[in-house]
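I am attaching a structure below and will ask some questions about it afterwards.
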Amino acid sequence: MSTESLLEIRDLSVAIPTETSTLRAVRGVDLELRRGETLGIVGESGSGKSMTALALMNLLPPAARRSAACVNFAGTDLSTVSEKELAGQVRGRKIGMIFQEPMTSLNPVYSIGRQLTEAMTLHGEVSAAQARRRAIQLLEKVGLPDPASRLKQYPHELSGGQRQRVMIAMALMNEPELLIADEPTTALDVTIQAQILHLLRGLQTELGMSMILITHDLGVVSRAADRIAVMYAGDIVETGTTAQVLNDPRHPYTRGLLECVPGYREASAHRLGSIPGVVPSMTGDIRGCAFAARCPRAAEECFIDSPPTRPLGPARTYVCHDPEETRSRSLLEGHDREQTPVNKPAKESVLKVAGVSRTFSVRRGMFGKRKSLRALDNISLEIRKGEVLALVGESGCGKSTLTRTILGLETPDSGTVTLAGRPVGALPPRQRARMIQPVFQDPYSSLNPRKTIGNIIGRPLQVNQLGAKAEQRTRVRRMMELVGLPARVFNSFPDQLSGGQRQRVAIARALILDPEIVICDEPTSALDVSVQAQILNLLLDLRDELDLTYLFVTHDLSVVAHLADRVAVMYLGEIVECGDRDTVLTHPKHPYTRALLDSALSIAPELDVPEPRLTGDFPNPMNRPAGCPFHPRCPLADAQCRSRAPEVEWAADGTLVKCWRAGDAAGAFSQLSAGQTPENWPDPPKINKEESAP
Amino acid sequence: MTITESVGGNELTSEAEREQAQLGLTPGQVAIKRARRHPGLLVGFGILLVMALFAVLAPWLAPHDPYLQNLSLRLLPPAWVEGGQWSHLLGTDHLGRDYLSRIIYGARISMMIGIGAATIGAIIGVTLGVIAGYFGGWLDQAVNFLVTCQLAVPSLLLIMALVFVIGQSITVVIFVIGATHWVFYLVVTRSATLRIRELDFVAAASAMGCSRLQIAVKEILPNLLNQILVIFTLEVAVAILNEATLSFLGLGVPSPTPSWGLMIAEGKTAMFFQPWLVILPGIALFVLVIAINLLGDGVRDVTVTNRRS
Amino acid sequence: MINYVLRRALMALLVALTVSFGTFALFYFATDPAQTIAGEDAPQEMVDAIREQYGFDRPVSVQYVDWLGSVLQGDFGQSYFWKQPVVELIQEHAKVTIMLALLALVVTVVIALPLGISAALRPNSWVDRFALTTAVSAQAIPNFWLGLMLIILLAVTFPIFPVSGDSSWRHYVLPAFVLGTSSVPAVMRLTRTGLLDVLGSDYIRTARAKGFTGYRLILRQALRNALLPIVSVLAVQLGHKLGGSIVTESVFSMNGLGRLAVESIFNSDIPTVQSLILLFVLTFVLLTLAADLINAWLDPRIRMG
Amino acid sequence: MTIRYPVRVRAFLVGMMVSLLPLSASAGPSDDTLVVAFSKALTTVDRLYSIQREGLILSRLTDDGLFFVDPDTLEFEPLAAASYTWVSDTRLDITLRDNVRFHDGGRLSADDVVYTFRWVLNKDSDTSRGAVIRGWLDSVEKLGPLKVRFNLKMPYPMALRDMAISIPLRKSGTYDDPRGGDQPLNGIGPYRVKQFDVGRRIVLERFEDYYPDSPKAGARIRNMVFRVIPDEGTQQAELLSGGIDLMMDVPPDVADNVSALPGVERLEGNDIRIGYLTLDAAGYADPDSPMTHLKVRQAINHAINREAISRYLVRGSARAIPYACHPRQFGCQADGPRYPYDPEKARQLLAEAGYPEGFSLKLWAYREKIIAEAIVSDLKAVGLDVDLRYVKLNVFSKMRNDHRMGAFFASYGSGGTADASASTGVHFTANSNRNYSGDEALSKTVLAAERTIDRDERRRLYREALNRIAEQAYWVPLFSYSQNYLLTPALSLPVSEDGVPRLWQAAWRQ
């Protein structure tokens, strides 16, 4: 890493005129990047981090206006060069860019080969054959097997991870000096995320590029970035090396953000920290500190004056008034009531899934034949009264089909779901509704945009004809209070609410029928970290208060570690491992569970991105491998795994496993591992506790 | 994880703006606010309002009875042309009926047929669209079959054949035009329904015990209303033009109803000599239809959730 | 793919059968072809003789099956009214209609595509406004009225083109323009929104990040995607035009399929009506099939699924 | 906007006429070609198989029958026949001219006549008028090389008419080839068919070997072209630009307008066609129909202002008619009640019939919409709620034949026949679908008139029938039609009495 500066941005602003006003997405950002260095820009949605990157390349939407004192890149001021020069000299040549959505970022109608080679031939200095050689070479480098034949393929024939690899190769075609990666792994599953990050890290070192990594995920930056810039409301609030910022956060926002991450402090902490309120409007001017309204330490001056930039060392600054009088205040309002002892005795099961299978018939393309897709394969599961059962798996593993089947919205081909002793399919819908209710992932699609909040929450009562109108209203208001919704939103529409508030509405709607079981389908994965913390806290509080049972579907192991009692791991429509949280997370028996644990990136600045041990992608459920469905990706697979599917086995500690090699999994892994297998997951991050929680 | 950070603009603002303004505007208020700044919509609405007034108040505004014939005053030119009379501002037709009065009454006919036919089309199309989109399976196939039947036969020919066989009357014209103009509704509502039915609030409704009918009517339909309204407006225009075309071809509303298309058809034989008989109703038709289209485009612009800037 | 084509063919067959039986029944119950064949002043005996001669007195199902049987043997019958084999009759009229439809399609494409593309490239500019105004106006002008106005203006007041008929290329200019403009609004709007959508897509942003800009961005990256919906809509529009442009043909007195269809209806010339319907259904299905195949060729996702 | 059209357009039309290039083979005296517009296409040039009016016009040029209708007197005179004798009431002997040649040069003989009539009598030959002829003609026999005998089934005074109008003579063996093949029409008329493009045009050429003693001899124009131009406006434009020389059946308004331009001549001629309203007196459509009341029917007769309609809408030689026949027709003399225009009386009669508030009525029509509208307007003025059902002929006839109409407006051209049998007769015989009177006595009277040869007796019978119709007000006889022609001033064309143009007499002015 040299100390030579590659990129220097001074006072970069972006304004986007909207119908009513002007949105000032980026407000005077200063940034510096040295050659060979990785800068992580961290922020929640709407903080302006992507805009900053797009502004750099002038790829903003047509209406946006950019201004900057200077954007010095390798000696040229990009803020003054023409569009033509920028396109011809800089974009794709000196700066490569990778975007968040690999599924939509490649042109669907052109072959991979064409899209790769034209990145070079466009600039006109190499022949098509040269470009082709380079493309093959790069595809190999980014880990796509059989690169020459890939060139003929089209994007839709590749999986998301593969497409992101192609994107990376494309960005590297002209050996750029700087690679901008805008949330490169956000749309990918955890195991793939680790692969891609690892690849990026390796390529960067190998090619000596600089990189700007934009992400909302503190775990990702902690592993992949050398330095961090934290953005809030269009401006950078804190910068420093990764270790400095994460171990010793100075800005109250940075601290708050870290407190919100499950597992940041201690796995067992019952409540997470949270930041009240939401990001302020980005239209118009902001008076004082943009964070003041949400800051537990805000003093009078914070609301009046723009905060000063306080240097702490070389390239280590934070932007805060840091008022003396509130130094002692913490972000964690009402901090921990000490955790109630959890180890409840195993209670009777309230819901039983026995041998459920479900196959869909799908037509691919206009001319294709119908093919069958086995979404669920002989799934058995039980949920016990009062527990939180976490269902973990990557996208496409059949989680959603399973939850829909449990809810009675989908009829299984074989097997039964038994709820309170009766098959759920045989229950009258309304009776079923009063026993089991869902909370969905996307708060934007789970509320009918045409109905008022009061209406949405009260709808279950109306449908089930419970109580008179007035009584229904009272119950709705009470429920709103319980989930922390202000009474004034009663007549509002979902569009007028924030994501967190919407998710509270969804929870209120689920709970108003007093169900026994709530199925939470990734209830926080669409939310920002700070909001996620609020919702997780709320769910746990409600569980205690109302004695609920949760089936909690998630892909985020830190969330699992935070709240689950038991864990079930799903792969390709099967439960491959199921047992107590601690047992499963600390002594995983199935290689897939182990791989998931390896891929989860906790906040650990001192660690690098782990080397992924899983090869390949999550397979297409339509082409199920024979034998153990996991065998093509499994490091331990042998002939038996390839030919016969494993049976369910019960380990001595009461864990269910479906693996031929379960016995030797743990041992084999430790032999294979390069010495950083987390024996005691999750890793307690080494942070200065006195600083964060006095 | 699917945290998306849009670069489009609106989504970015939305979150912040909402909280800032502490629950700003409801969707309806937003639409009205946008409408006030939409010139096309305002102009269209204005013209339409005036024409609707003429249609409603025709008995008071028309100087003569549109059906009253006076054979001795046939084919008078407009008043300002040599030979015209000021008592018949726009002249008279082949039976000596006052042309201005017939044009004013014509607005009634056009609007009645436009709205009537578009309503019938909407009822058929939306019902089929929601059924096909929500229930899918063989019902979807059946609806698809109907659509192919409808599209494969030239619609004007079909309408003409039907009117021809059933007989001409305003009601028949309304029903036949309506019954042949539902594909647009169907296609849009079907695809919207397909999209909406996958949304979580539909799953939530079914989890709370709603029947399929309840879901279709109470959850899905309200979300289609904006689109239906836009299509409705545009289909009113289409129906009006269709009626005019039909009447022009002699298979629309029966004589002596003052329909603009019929008036053009009647004037056509003499169009080289009494061109006003053709030009005037044509202009009325053009203005009415353009106003409706402006309104429809405007409504679409102001109700669309993510307007392209 | 063969499977797909077969499915479409089956669909076409079903549609044709349904529609043709429907027409048959409608005509059976509502009209008397015998009088038309005999003429308005024909005496009773003549009409009765004709009814018997053509078998109009038989039940509708018998007549239909009879007709269907001959069609299956490739015999489309004689036109009652024109006393000419239907196939010949249709061939004769189809020439005019095909010519007109293709010319009109050219007019549509030549006006709508450039207008739509330039509007999409500069949203809210004067080009965009002009394009939208054109679309809104063209949508509002009654087709037949536009035809009449053009006749008054360009055939009578300034006698540049013939008033009507179909005997030389000059006869086709005005009708093709009238018929072509009727599709301009739809195609133009679709081009505009389609291209706008494509230009706002992630992969265009990727292309820009690679260094594409200006016309190269449009031609080499965006156009193919934007063409997909346009191909479909053009196929449907062409289908409608080939189905006979009743209005244009009658305003300009052209002997095309549209007028043949209308007159056959008016004359209860059932063999002609039925054959035309078969032809229309077949044309429509073939065209949409062609559009699908072109789209599959353009878009590998459709091609390979 | 300003409308200043008439003057300007007129100027432009003149300009156009001068400047516009001739669009088709040039018409006019320069190449001795008369171009005539047909608004409907002929499907065949063989009169035996065509029923259209255009076919009648054409066949008067290409074909001769044994007899023909004298265009001035409307009497039936021998044409290909040299003479004829009624041997008895049911036996007619005809002697042929000896110098008649077919277009292919062959001479006309008795064999050809026998062949023609036997062909028509044969049910399988499906000629369009076979059914009518079979109704009265029993057999034909050859008496000599130029002599033929017709045996009738009954006394039939209209036999000469049918021979004149419906049966052109064909050469023996013409139809041996199934359906005649593609051979050109082989007639004996003054013109022969040179070219026939279905749906587009028919080209005729003068037949130079036409028998000179024919009343139709002496054709002046060498070539005739009939162009199919369905659209009225197009015909006008073509006429103005010289593309055609003659337009027939011109609506009066158009005739007024166009004839005001220089370079166009207008001719008005008579027509044997009459317009009328039939009322469902029998109560076929609805036994409780108000039409079953005599007073209602009389009221309707009083309500319609036929004078105004004839004067302003039909115009030309059109006159209001009092009885159910054309005044020029034989037998059309009656003295039954007439119903002058009197809306007051009409209202009073309606009230007397028990309909002081009027009633709802569907009036069916299939032609002359404007006139139908005017009638509707008159009926509305006396308090009836009339719904005009203007439909195409095939629908109209279905409804009429099924007896499902309460009232309809129709017209009848009598096939150019100046005899009451063609109007009164056709409409009131018992088996006619057109008969809505349900009056059997009347039918008998009419039938008797049709089977009587004696002229005075026939007159008496028709008078009785017509008086009965008028008394009972089964009809509202409306008006006789007139024919408007538009033509180039270079053309001279004598107008006929029956509305069928006698083009063989057309000539160029010097």
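Letters A, B, C and D mark the chains as written, and numbering starts fresh at 1 in each.
Just so we're on the same page, contacts are C-beta pairs under 8 Å (C-beta built on N, C-alpha and C of every residue); 3 or more make two chains touch, one makes a residue touch a chain.
A quick map from chain label to UniProt name: A = ABC-type dipeptide transporter; C = Permease protein, ABC-type oligopeptide transporter; D = Substrate-binding protein, ABC-type oligopeptide transporter.
Bear in mind the structure is a predicted one, so any value in this text is a computation, not a measurement.
Across A-B and B-C, the chain pair carrying more C-beta contacts is A-B. We define each chain's centre as the mean of its Cα atoms; on that basis chain B and chain D are separated by 46 Å.
Centre to centre, using the average C-alpha position, chain B and chain C are separated by 23 Å. Spacing of chain A relative to chain C, judged by their CA centroids, is 51 angstrom. Multi-chain contact residues of chain C (touching two or more other chains): 30-31, 123, 151-152, 156, 200, 250, 266.
For chain D, the set of residues that touch two or more other chains comprises 9, 13, 233, 237, 392, 395. Along chain B, residues 8, 164-165, 268, 271-272, 275, 279, 309 each make contact with two or more other chains.
The complete set of chain-chain contacts reads A-B, A-C, B-C, B-D, C-D. Of all residues in chain A, those touching chain B in their complex are 16-19, 23, 25, 45-46, 49-51, 54, 60-61, 63, 100, 183, 186-187, 216-217, 277-283, 404, 407-409, 428-430, 432-433, 436-438, 440-442, 445-451, 456, 459-460, 463-464, 488-489, 492-493, 495-499, 506, 509-510, 513, 525-528, 555-556. Listed in rising order, the residues of chain C touching chain D in the complex are 30-50, 53, 81-84, 92, 151-152, 155-159, 162-165, 167, 250, 253, 255, 266-268.
If you check the complex, the residues on chain B that touch chain A are 1-5, 7-10, 12-21, 23-27, 34, 37, 199-201, 203-211, 214, 219, 222-223, 225, 307, 309.
Across the complex, chain C meets chain B through its residues 11-12, 14-16, 18-19, 23, 26-27, 29-31, 123, 132, 136-137, 139-145, 148-149, 151-152, 156, 196, 200, 236, 239-240, 243-244, 246-247, 250, 258, 261-262, 265-266, 277, 280-281, 284-285.
On chain B, the positions that touch chain C within their shared complex are 8, 40, 145, 148-149, 151-157, 160-162, 164-166, 237, 241, 244-245, 248-249, 261, 264, 268, 271-272, 275, 278-279, 282, 285-286, 289-290, 293-294, 297, 308-309.
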